[in-house]
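So that you can tell them apart, the chains are marked A, B and C in the order they are listed, and the count of residues begins at 1 in each.
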Amino acid sequence: MLKIATIGSHSALQILKGAKDEGFSTILISTQKQAKIYTELFPIADEVITLDSYTNFFDVEDYLISQEAVIVPHGSFVAYLDQAKHDLMRVKYFGNKDILKWESSRQKQMQWLQQAGLYLPKIFTDYREVDCPVIVKLYGAGGGQGYFVVTCKEQLEQEVAKRQLDLSQVLIQEYILGCPVYIHYFYSSILNRLEILSLDRRYETNVDGLGRLNHQTQAILQPEPSFVVIGNSPLVIRESLLADLYDMGQRVVAVSKEICPPRGLYGPFCLETIVTPDQKFYVIEISARIVAGTNLFIQGSPYAELLFSEPMSTGRRIARELKLALAANRLEEVV
Amino acid sequence: MLKIATIGSHSALQILKGAKDEGFSTILISTQKQAKIYTELFPIADEVITLDSYTNFFDVEDYLISQEAVIVPHGSFVAYLDQAKHDLMRVKYFGNKDILKWESSRQKQMQWLQQAGLYLPKIFTDYREVDCPVIVKLYGAGGGQGYFVVTCKEQLEQEVAKRQLDLSQVLIQEYILGCPVYIHYFYSSILNRLEILSLDRRYETNVDGLGRLNHQTQAILQPEPSFVVIGNSPLVIRESLLADLYDMGQRVVAVSKEICPPRGLYGPFCLETIVTPDQKFYVIEISARIVAGTNLFIQGSPYAELLFSEPMSTGRRIARELKLALAANRLEEVV
Amino acid sequence: MLKIATIGSHSALQILKGAKDEGFSTILISTQKQAKIYTELFPIADEVITLDSYTNFFDVEDYLISQEAVIVPHGSFVAYLDQAKHDLMRVKYFGNKDILKWESSRQKQMQWLQQAGLYLPKIFTDYREVDCPVIVKLYGAGGGQGYFVVTCKEQLEQEVAKRQLDLSQVLIQEYILGCPVYIHYFYSSILNRLEILSLDRRYETNVDGLGRLNHQTQAILQPEPSFVVIGNSPLVIRESLLADLYDMGQRVVAVSKEICPPRGLYGPFCLETIVTPDQKFYVIEISARIVAGTNLFIQGSPYAELLFSEPMSTGRRIARELKLALAANRLEEVV
């Protein structure tokens, strides 16, 4: 019998709980610092393996293989174990590793989304062409660290000088004024259907606390916004907009099969959007795997409730997909 | 056996799911554009009928009648099928159609709420009397489209000129500074009791994204707020305030029996309020039927949990009411 | 058999529901004004006793004792019945009354949290030493009433004069710019384990509505922020931060055993924090009992779901703890 394994961070609790609810045994690999989350606070994994550092991941790979473990990757997993390490990995892995190349390069990501016909903010490869407010994102920065907003090219130049930034290491993206909406999809290659399981918006410090200062106080304090993700809060979307969301997801999956043939993107993914007053969804990023906003829905969500007769988190949905694949004798299509 | 029918938008998924949970068959009527929400994404209706346009609704009315369908109306239903069309409708309908006259006229609506003794923002029928910040709402505008805020009469005049507005087609309402709270009531005429099932606040673009821009950036960009509803997020209210909420709802129901005798308002309704720092609930609008904010609670809500031993959405509560009416042989009181 | 009793406000509905789910009978003591919440709107208590005023609490104490009632205190309970009244109380009481001395004095509270090594905002006992933006909190003010923010000493002096404040009756606390996060802990002395059950952020009028006004409008209206709590909305936290949250809770419990030996703090408590962009949790307050934000989770929470196979609110967790204590014949350790 397969076991489900992941590393201790991001959405591991949800993945472990979902696996358990679907009848799988679980293995959690953690650093010493984080281990108590999984051994003391929420001791739900069947086995916890601690490492000094994730660079030692390969020390346990043979053991994982011997246990018939399937790795369920999440945002921290791909942050700690890069493309090169993914290429070396021999243990079973839920999801298409090739898609990582398309996700980890901002250019390729934008090409993918563009080909899918989605609304995208402008990307400035040459900062001198900036002609609108932009948000500057550091490559590889985890959770919004170091992001900043400027209103024009001149302010951008000042900030780049002040922060001593290497412009080749940043993404300069048109700042879209609107409301953030993160859409949690699941594409089941076994059932050949696209699901929308839930929605969230991020909770970012200090930018989500700024509005609590009035104009007079801000004029004195001149607060600098920052975009460090510390959590998430739940949303539902206007029902008539679900048709757009479904289209967007379908096109992303369809194009993924062209760029990463034959399997393309399957399992959970997320379109991170800003919705403008004309109800357009500008996609600022795609995550080609489970996102942390799904942690809100460990007990299920309003949308998942429509599809399943049980509380179905994204973590559980992954385990369910593995179960469906096993039952259909099609496991090799998803791992 | 009755079937439950509605049109495909707004809170149809919740209504369908609730009907199913209470054992009813369901019919969903949809335009072609939206149909895939109900046929592919969340295929939970027993039958989906597609129309080119809702103006063709009457083409299917005989069929609905033959199926013993009860229409459950929602915000989009009354937007697409106006008072005149409601008067022509012969199919069974959950709710009091007469109340629509009171809801669809801003003047009559304010008269109703005033008679119920609720706190109301001032309404300016003559724009020249404006002496405070106001929000200007376009009649018949769906989901907050075109709303704007001005701080004084002079600014109002400028905006009216700039936007080429017909002042007879707008509501000029005192802008109340506070926090939005939407209260989801259900008045059961069968059980003769008023319930509070849940609460939400709307998620409006771009006004709920504005606070993420600091003062310096706003000073440069001069963003115009807009109030287009794209979703909802959940809330609970301070427990001691529930007594006020209950009073408000009771008075609204009591007055409805005077203005629309004998049945008045029954089933779901919503008071859309702004709560000020002195904890007064200013009612900016009433919806005399299910509101989209209840979509958050397809799995039930903290308040519904206190009343029912099962997850009880507003959609399911409607179906439950029909079931109670049928069992008591009192169906003609509610349809 | 024990009964569970509380007074009608704050989180009483949750406590009653949780008690019922664990098989206890319940008694609710209410003022006339609030009684209908518990007799009409949510009639879930087995018995409701009404009082003219909570100053008459002792009139019913003998009856409560005769019923083997255990009081479950909440924020309103300790607001209505002060330390002196607590000292007189003979009825069984869940929680350590001695901890109230540490919680109700701002100085002692800060001493406790400091000893636990938590990040704390600076407290200015002499207003002349103010050298940063501060929030001024009135002692004993319920739910944020009268709080205000100033950016410097001079503005503080102006506000103090304008509001005619007695500086000995206020707390002057460094204003931390970040995002509010309220952490709902439960320390089980019976199981000897610390649990994190849920998280919320408060919904405060008008400060959580301010950001919906743009800069231009604020410049004209010059709105004064106020911090009156009217509700709560749900959150989850970045999973990697759970290790910090767990540490913080453990240290608070450990120090409580030193300052209130031998039992220290047990049962539910809450750390009310502001999270800064460097992901530090500044503790602005501790509540040594159930907080109202837990009302969001009457149906359980994402975190409680990981620990229990049933929906477990904090109110139910209290009842469960009493049940565990009874079963282990250790009731005297918790009441």
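The criterion applied here is as follows: a residue touches a chain if its C-beta (ideal position, glycine included) is under 8 Å from a C-beta of that chain, and two chains touch if they have at least 3 such contacts.
Computed from a predicted model, the values in this text were never measured in an experiment.
Engineer: Have a look at where chain A meets chain B and say same if over half of the interface residue numbers show up on both copies, different if under half do.
Structural biologist: Interface between chain A and chain B is built from largely different residues.
Engineer: Can you grab the rotation angle between chain A and chain C? Superpose on CA, round to the nearest 5°.
Structural biologist: A turn of 120 degrees brings the C-alpha atoms of chain A onto chain C.
Engineer: Roughly how far is chain A from chain B, centre to centre by C-alpha average, rounded to an integer in Å?
Structural biologist: Centre-to-centre distance between chain A and chain B: 34 Å.
Engineer: By residue number and range, which residues of chain C touch two or more other chains?
Structural biologist: 208, 210-212, 215, 223, 233-234, 299
Engineer: Please name which positions on chain A make contact with chain B in the complex.
Structural biologist: Counting only chain A, the residues touching chain B are 133, 149, 151-152, 177-181, 193-196, 199, 201, 207-208, 210-212, 215, 218-219, 222-225, 233-243, 246, 274-279, 299-303, 305-307, 311.
Engineer: Applying the document's contact rule, which stretches of chain B touch chain A when the two form their complex?
Structural biologist: For this pair, the touching residues of chain B are 9-14, 17, 33-34, 36-37, 40-42, 44, 76, 143, 203-206, 208-217, 220-221, 223, 226, 228-234, 292, 295-299.
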